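These notes are about the structure you will find just below.
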């Protein structure tokens, strides 16, 4: 598996095939990484975004900093512990970490109090708005791949965020398909790259006027349910008929891309699927999974009982999706613990103190009070992340020796120093 | 007891508990409110044959009705709540829902609830709308003329049915005139209705019959033409008897009504052909309410 | 060396024939030793007036995984209403029918349970299951892998690949998912629902593969027999919850042809169609069949009244039931060419004819099946009710007058349809010890658990001998896990973690190549990504691997 | 009769969760409440005076005070200032009077009683909370100022009156109930409405699925103004005629928006 290259001062070049990609939530596991010392280059299998996110120069990672001064890691951890000890309302934000990191966030937040949210959770909560209220019939990537003869993409093309979506879930052939697969973009347009992936698939687009997706889906819901809604643009009758005669229709969307009314869009899409399942088979494919968002939510559910956007006060958890959203929590927080191990995501502006357990390449608008560079799960250390379909989780492995500690370890040591 | 020459016999009306409710029927005009009210209380003289006893209680001024339009209060009585729950929606459905511009509201609170709009809404075939304000639900049922508005339900009360007076007159004409005078006065008492035609029943009955299956039959002791053929309650000068039956929401209402009727008759006096006031009973063992005429008039 | 001596108690250890023997129980370094193995002990527990038993074992309780998380999400009201109090050993969890991992461990431990097995691990979700089980304190765990609706298997059977290939595949999956037994849920039915079939009877052909549930069942029974798994096929049969399914259940027993089969939550599979409501108890006939067929064991899946949430891989059935969800929510999922799930909140009411009769049917089964070694105490947590109702259930079994008092509260229509009052049997303490410990250990092949003989693990419980058996089994006086006292007077006093159990039967290496191809083509990712490694189990601790005939 | 009085001991440095602080609670000072990421005794943050008699007055108030009157079933709470999120959350009776403004989710899932807020309210007035199918189901809410987005979302009963404007998506997916808005509407009001009534001054801002059903003399209006003081004040005591818009017809809804003709 390894290909030793060169020698002497040049670090050995190692090619690691079939690396699992942790970023978007599709969980592609055919990425090839070339690692030379600390330098990393993604090759075959990596989409553009994965390639950019995996790429590392050969330089040593930055040291930890306190108030802008480089300090030994131990000192930074101690400083973080001290700040948290004094904190009144911490906000644990970002949460870009593996399941183990999330476990440790829960443990620490349980002690220090404070709210916890993931930076990319807007889409998740749009999905939850319906799944928690009324439920849904959903499906997973491989089911779509083999069963789905008609996929309706609701809203903007999700492959903007999930680059290899169609190659993964709607290849030209599927095990149970009798004819060609069809994909309808409702209120969105496939990107040029998406069209390439969709070679051999019948692609249609149904244009929807700006802001008209909720109404269009309302009409679709009404027609599928046997009602006769008012006429509107677009005419939803053909799509309703197509879905009713499909063997396994799938409505897919990327909740993050649906905007403020996304929850209403999703509720209607779910209702369409619910009604279709009375007579035929259909399912939803809700996509939202960036940087282990789903894994963080899953770990919250089994450990705390609540989804993300839960706050701890004196060890008691309280779930409130609006009050504990990062943007709201920041208004009240006197300290923000920013966690972003997968990518150099910038922390949001805040008035309080800032502890950053962040990707070494993070560029801060304002120097954090404590900066602890952390390793990337699936590159610097092993870990577990969940795929966007919530069922499958994928193991991440260590692929280089960087000395960067994991979020879990950093938090564990902060917690240890604190008590 | 003799008042203005009229004998108040030492008798009593024997009455039974009945379950009743009040409805307020409104319309664009008093005329149409009354038509709806009269229609829905029609054919409701006796529970024996009609399933209920009903009548107009009073006209309600627009300022007092739930929708500010002229209204009529009606009372409906049945033998039990089950019976009431069946006749009320049925009568409203056939006679008020259908009557131009009408609306129908609960006129009594408390007691077992009797569905009105709750039952009638289905006429709307899914287009009905409910509005719940101030913890009271109303239904709006679309009809060709506009919307039929109806309260969700009305309350009920255990009242008294079968209060009565008998007017013994020297002629048919005089007995009727006296009975009409009584009805005019009794109509003004709130909480009561006189369910028979024009408030008067000329065929006051006794319980039972020689024929199987007949629950009531000619009250032969008060039939003037039969006075030679058995025990009679009629002195020789009496040639005709009229009865007024009273149903009321309470014992007091029936008692007040009884008094108002007797007073009106007494006012006419013996000179106008009224011989005596009597009342129908069954010996006092059947009905729990006894309206003793002399007590009422003392 | 650490040693604990439990003295002055009466030892109730049916596996070793001890029924109330006054002797010391000594645990040395986490294992039970002979009473005279050491002089004295570091710690002595005075169990005066107490009953000493092995730690309880639940063979069927849905405690972890994707469906549990969906249930938690769906029942946010319950999570809000029931929060675990903060304490030195308690985390921030909560719930009842949707307990968090931590709360699950605590509540089981307080009742004296030390091992609980998750009966429905969907292969695609196995990694999640293990991650979650690692966060359940106190309990030994393990999962039963759901097979029988997976397209690969159905394809093997349909194409006549042969028993050997099936065996290799089953072994490959057990290794990959680190599970300890095979569960079948609605054989072939979940798969058929993906092709829009709404019903699946024992001899009905799958619309795609033309394979019947009977064939699937027989093939997998043969596979676990050939592989030498201790636990027989753990079957959730066809037609769950359907009136008249007792015949299916009887036919299924017939289909085993004498080979071992464990039938789970049989209460849900014991319905007749008699009476004006076309719903009646089939418990007597089922119990009779169980009594006559020593190859059959069952757990009951008792229904207990109150709010719960039902979670099952049986999407076909759950979808059929979606209209009776309370509160009205339903989540279903088709999963990865593998299985599915359906989660549906439900409120069992004693005034409901059907629910009341379900309650009675469960008790009838408990009381009519004669051999306590072949029946196990379960509510199919949380499907029939949360496991915290076990003490109440034990009282129902042990106390006839209490049972009759509860019976009198049922809907009258249901009372007329049950002959529960005619059954006089009361469980003895020994029988309770069998159905909650000794027998579960035996049916799972856990030779060092469920008893108090020398060499067994130091999972020991002391109960106060309270005539109110519900009170007695609600809060153990002492619970030891691997020799550490974790519960005292019904309260958690220490935090320890159990182990995960698995089997790893050998298989022909060519199955690896076949599975690589299958994953690449059908699943769209790599088999090597799918396979769990030892370092993923409990933070790298790995699982306890149990011997099978074909062990690696 | 002053009842219990809570006077803040100082300015709040973090959000205060007043869940459980209800009139009639003798031990109010010892009540554990959320304060930022901690828990504190109510008495640490407020000076508690007065006697229990069914009334609770909060002096000063503040936008940090969350869930004031949450779960109230009887009695009266008066806040002489602003409140934060969730005022009157899931209350079933009693009266809550806020002299200032309120945050998001005011009167969310209210099932009875009355909530009066003199100033503005945040988003999702009377709406369904996380995971709940239905919003406010009964009671009366009167807002003196304007309401944020999604006022009355999934509401299924009761009456909400907003004197000022309502931001976008008012009455989204409204199931039943009455929502009256005196001011301007943001976009998409009534979208997804299944049933229920909106009282508006103009149809501007109504979602695209509403259609004009013409002017009507509605007996119902005469009844409503006689049964509800609040609606009488809003609609005018002589209300009778209204222009009716039916919607949301995109989804086969049977709701209505009524513009009363004065």
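We just call them A, B, C and D in the order they show up, numbering each chain from 1.
The criterion applied here is as follows: contacts are C-beta pairs under 8 Å (C-beta built on N, C-alpha and C of every residue); 3 or more make two chains touch, one makes a residue touch a chain.
Only a predicted model underlies this, so the values are computations on that prediction, with no experimental measurement involved.
Enquirer: Using the touch definition from the top, list the chains contacting both chain A and chain D.
Expert: C
Enquirer: Count the C-beta pairs in contact for B-D and for A-C, then report the pair with the higher count.
Expert: Between B-D and A-C, the larger count of C-beta pairs in contact belongs to A-C.
Enquirer: Give the label of the chain whose average Cα location is farthest from that of chain B.
Expert: With centres defined by C-alpha atoms, farthest from chain B sits A.
Enquirer: Express in whole angstrom the distance between the two chain centres, defined as the mean CA positions of chain C and chain D.
Expert: Here chain C and chain D have centroids separated by 47 Å.
Enquirer: Just give me the whole-number Å value for how far the CA centre of chain A lies from that of chain C.
Expert: 34
Enquirer: Measuring centre to centre with CA averages, how many angstrom lie between chain A and chain B?
Expert: Between these chains, centre-to-centre, one finds 75 Å.
Enquirer: Two-or-more-chain contact residues of chain C, please, as numbers and ranges.
Expert: Touching at least two other chains: 73-74, 76, 328-329.
Enquirer: Which chain D residues sit where two or more other chains touch them?
Expert: Where chain D meets two or more other chains at a single residue, that happens at 130-131, 133.
Enquirer: Can the chain contact pattern be summarised as a line, a ring, a star, a complete graph, or none of these (other)?
Expert: The chain contacts form none of line, ring, star or complete graph.
Enquirer: Pairs of chains that touch, anyone?
Expert: A-C, A-D, B-D, C-D
Enquirer: Going by the contact rule set out above, which residues of chain C touch chain D in the complex?
Expert: Touch residues, chain C against chain D: 73-74, 76-77, 327-329.
Enquirer: Okay, in this complex, where on chain A does chain D touch?
Expert: Against chain D, chain A makes touches at 87-90, 112-115, 128, 132-134, 212, 214-215, 218-219, 221-222, 225, 227-230, 232, 261, 264, 267-268, 311-314, 316, 318-323, 332, 334.
Enquirer: Can you check the complex and tell me which residues of chain B touch chain D?
Expert: 66-69, 103, 105, 126-127, 129-136, 138, 140, 146-147, 149
Enquirer: Taking the touch rule as given, give the residues of chain D at its contact with chain A in the complex, in rising order.
Expert: Contact set of chain D toward chain A: 13-15, 17, 32, 34-39, 64, 66, 85-86, 104-105, 123-124, 128, 130-133, 169, 172-173, 188, 191-192, 207-209, 211, 248-252.
Enquirer: Over in the complex, which chain D residues touch chain B? Could you list them?
Expert: 138, 157-159, 176-178, 195, 197, 216-220, 222-224, 226-228, 231, 254, 256
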